[in-house]
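Same chain, two partners: subunit A is paired with subunit B first, then with subunit C.
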Partner chain A sequence: MPEQRVVDADYLLLEAPRERKFITGAQAMAEAVKRANVDIAIAYPITPQSEVMHLVGDIWAQGYLKDYYRAEEEYGAMSAIAGAVRGGARAFSATSGPGLLRGLEAIASWPGHRIPAVLGVLTRVVNAPLSIQPDNVEIAYLLHCGMVVLHAENQQDVFDFTLAGFVISEKVDVYIPVAVCTEGFFVTHAKGYVSMTPEDMKLPPRDPYKAPVPPTDCEIPPARIQRDAPVQKSNFMSYLIHAVWQQEVWSSNIRAMKYIYKYLGGPIEVVNPDAEVFIVASGCAAAQGREAVRYAQLEGLNVGLVKVKSIRPFPEKEIREVLKKAKAVIVPEHNIVGWLAKEVKAAIPDNDKVIGGPRVYGGMTLPVELIMEKVYSALGIKKEKKVVV
Partner chain B sequence: MGLEYVRISPGFEKYMPKDYVDLVQYGQFGRQIDVQQLGQFKELVEEHPMCAGCFMAYFIRVFYAALPNPEDTIVIGTAGCARLALSQAAVPFVYGNYGDTNAVASGLKRALTIRFPDKEKDVVVIAGDGGLIDIGFGMTMHSWFRREKFTTIMVDNEVYGNTGGQESGMSPKGVQLKMAPKGKQFDKINAVELAKTAGCVYVAKLAPTNPKRIAKTIRRAILAARHFGPTFIHAYTSCNIEYSIPTEKVLEDARKREKQDFGFYEWMTDEVKEYFEEIEKQSQEVKA
Partner chain C sequence: MEVLPGPAGYIPTPPAFEGVELPPPGKALLYGKIVDEEIAMREAAKAMLTRRNPTIFPGPLVLWGWNASAMEKAKAVLELAMEIPNCRIIPMPDYRPKYPKIDPEAEINPNHPNLTILHNKIEACIFVGVHCHYANLSLRMIRAGTNCFTIALCAEMGHEDAMVSLRDVHAEEIRRFKDVLVQVREELGIKWEPKLPPENPSLPQENWENLSVVDYGEYSYLLIPRRGEHVTESE
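Right after this comes the complex of A and B.
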């Protein structure tokens, strides 16, 4: 392993030279962890995530991380992440589908415990019936936890979101965990070009004292922390303390937005802002939406794309502004419930123009033709269906 | 640390809460307390909302007095009666989710080892029978298999006291409790043997009838965990409410159980035994 030197976070994320490599999404996530000065990573196997934590284990063995172990299961892994972060360490873990749901009680409590950490979510079907394919319905369960939820379209996003995730998560006015989601297999096991910062540069170490809630490390004065423990003292105090704490978690989530602008170029990317019809999509569906915009261009149709990078905080204002003049809004998704379509519908006033679909689930691919069918119907174009045998 | 963070900066004594000043001046920080001095110094835990006659509350009071290094100790608990008192002590306390204590402690202890390789930071889990042996069973066992260096103390009241008296895996067979309306159908789980099999280096079982012995056992468990691996204490701390033990009879009940199935038991590996012989010899030399 090369000797790594600590560089300023803004320099590393925004200015450092980058080198282009052709790698998988799993490699991109591990390469970001390598440059993030992570103290401890805790792993538990589940397909398709396992590849990420194998690679993180390898970089620990090479000396990039200080500690790493295979936990007993996801609830144990995510609880241990909470312990390590409370102890002042910078921590990372990753999971998929059923694993995310098994760890969810612990994960959902991270924001309330003010645990800054990065969690890779490499999506997969939530059983049953059993499947290991890249459906992303699990993101729906993450949306109400209070954490920052980013959705990566490709390998480059995985690298950028993961590395920036540590920085955003540890900002004093944020201090909640960041989930970096992407579709399993489609991104984790496929290669793409990724421009990466130099291997010999890393983020500054975590400073656990730059925090709204101090670490539990006995390096601060002792106090009787719950002289009036909320739960048993009075219902009124219990309601009040929980209420203000939750308000603060969600305010922290909103405060992450300015850093999403600073480090990730904003929560959305807009292609063809003057479009008549917009495709609003996140993750892999955004890649297919991008392709649909190209198809449309070839056919002379005025179609644009809003790629949503940040699902929490959700860029309501930004999306409302872009879609103001749109005639129709198409929301393709890799899940049956249509969580993104619901978010978009809730964000804009004239939401009867939102077409919730096409949706593929069970981990199927999302053919561009399915999106084009919605484009044609939105524009009132009748096409004869070609059946290729 | 630790004392530098505990001590009050000169000139600030009169501005600090009296409770804090008393803790620093008349408390345990920086000195070793004999547990028989209870009541003669400012204790780490004073107020608590536990039931009158609760033996768990007494055990926790002795536990804090027994800490070898309270200024560098972190206590981890979970849902249940114990945390009602643990959360009000002047020792950092982590209350996570249901049954997660030994996973949280694993992460915490590792983080402290990374950050403070040259300092002793004691991590101690105190949780009930439900937290450790029912809902948290997998995490309890795996922290031992992994040889995580912290102490686990099970305050076993043989029931889910805090949720209203339901059967736990540690309730004795045949006892009628909520969720066991026909009586418990299987035996009390043998936690001590599980701990030995899973790799604990020091294992003890006791009924809290003898404060000096409780204190010595707790000290030993914490010191052994620092150097050798996981340690476990199984303490009987009766629930006088759910088991309807009159307040004045809780000690009598503990003595009875001590004679039956909670007789003092202590097991340790050879290297831990050698270590205690060595440090106990040293402390005798110091006294002499």
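Right after this comes the complex of A and C.
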């Protein structure tokens, strides 16, 4: 392990020199953890997350992390993350599909407990039937937890979002966890070029006193396992305190937006802003959408892409602005429920122009041709299907 | 959205939902708008000088002398209180729910801060040294149910729910605010000789020579595991 020196977070994220490596998404996540001065990582293995946590275990063995262990299952892992963070540590965990759902009660309590942490969500099918293949329906369950939810398109995003995630989540006016989601296998087990900050630089350690809540008060007996629970007795004021507490979580979520602009260049990326038809996509589907824009250009069609990097906070204003002149909006997704299409429909006034699909799930890939079929349909272009016998 | 004194109603919308953003360094929030600090300070001073029962609510970050800067900040808060005519200090010593109910003359609690505001008919107040999360909860609940003009002197980035919110406020900035307040007081022609606020009437006088943990009453749990247990030795 090289000697690491602490550098300013803004310098590391925005100015530090970068070196290009050809690595998997799982490696990119572990490399970001390596540079994030993480104190502890806790997880329970589940495919396809296990690759990430295996690699994080390796860097713990090399001395980059102070502690690392395998919990008994995800509920325990996510509860232990809360305890570690409450105790002043910077913590990381990752999970996938059914593991996320098993840990969800604990995860959903993190924002209310003001737990700044980063959770890797390497998406896979949610059982049943049992499958380990990529499908991002689990992100639908994360959307209402209050945490910041970022969706990475490729290995580069995984590195950038994970490293910036620690910085964003520990901002005093945010101080809620950040989920960095990406598609299992398609990104985690495939290689891509990643420009990374130097291995010998790391973020400053977490300062638990720079926080909107007091650090752990376990020194005061009896040790309190909850953050000053206010609603144990019912009366009118108790309901109001819980209401304003929930509002505070979502206000914090909104406040994360300015840091998403600062560190990630904004919540969306727009390709061909003057397009007639837009593809709005996140994660892996954005990569296929990007390819569909290239196909369309070759055919002389005016198609653009809105890649959504931040699902929570959702960039309503930005999307509304980009799509105001679009004739049609196509939302390809890797899940059956179409959670992104619903978000887009809720964000724009003339939402009858939103085409929810194409959708693939259960581990299926998303061929560019499927997206192109929707593009042709939106532009009124009839294509003959060729059947090769 | 304009963030004005309430009552805003049953469940007020957080200003952050309505596009109110925290100010950048060197700026302040006044009624939800980003303005120069001086302008916000003058409006805050006017409120504390002209509205009924001005009160300062110091939180744990200034009440407990946990480092030199906290002690200095506490001194600055007292200096500020001395310059505000008939100002009271009511502490927010911690954030735990107090059952069956708090003594609203002795303290303010984030779980029902409006009880203290309403009982004491406070129409202008300053939050200082309260952790941001609990300050935000309190400020919103006060805006929901009272007509109190709230001022947040925040050591971090500020609070959208306060009518006036200053950021990065430490001892030096509190003293700068005090100077502005004295200037506004003179402009308004209010005569006042600086003096300490009255003792908190609900707290028993403490004799430090024979103080016992039971004298801490409700707060004894901060010192000992069980109420009434006398600790004769410590580590």
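Basically, the second predicted complex is superposed on the first by the 370 of 389 C-alpha atoms of A that agree within 3 Å, B and C clash if a C-alpha of one lies under 4 Å from a C-alpha of the other, contacts with A are read in each partner's own complex, and residues count from 1 in each chain.
Just so it is clear, a residue touches a chain if its C-beta (ideal position, glycine included) is under 8 Å from a C-beta of that chain, and two chains touch if they have at least 3 such contacts.
On a predicted model such as this, the values are computed, not experimentally measured, just so you know.
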item	value
Touched subunit A residues, subunit B compared with subunit C	B
Touched partner set for A:291, first subunit B, second subunit C, both or neither	neither
First (subunit B), second (subunit C), both or neither touched by A:80	first
Which superposed partner A:321 touches (first subunit B, second subunit C, both, neither)	neither
Touching partner for A:72 - first (subunit B), second (subunit C), both, neither	first
Overlap of subunit C and subunit B interfaces on subunit A (superposed complexes)	220-222, 229, 232-233
Subunit A residues touching subunit C - in the complex, by the definition given at the top	114, 172-173, 175, 210-214, 220-222, 228-230, 232-233, 237-238, 240-241, 243-245, 247-248, 250-251, 254-255, 258
Residue numbers on subunit C that touch subunit A, as the complex places them	11, 14, 16-17, 21-22, 60, 95-97, 99, 110-112, 114-115, 131-134, 136-137, 140-141, 144, 156-157, 160, 221-222, 225
Residues of subunit A that touch subunit B when the two form their complex	39-40, 42, 66-67, 69, 71-73, 75-77, 79-89, 91, 105-106, 109, 113, 216-227, 229, 232-233
Parts of subunit B lying in touch with subunit A, wherever the complex brings them together	1-2, 5-6, 19-20, 23, 29, 47, 49, 71-74, 76, 84, 87-94, 96-98, 100, 103-116, 121, 138-139, 141-142, 146
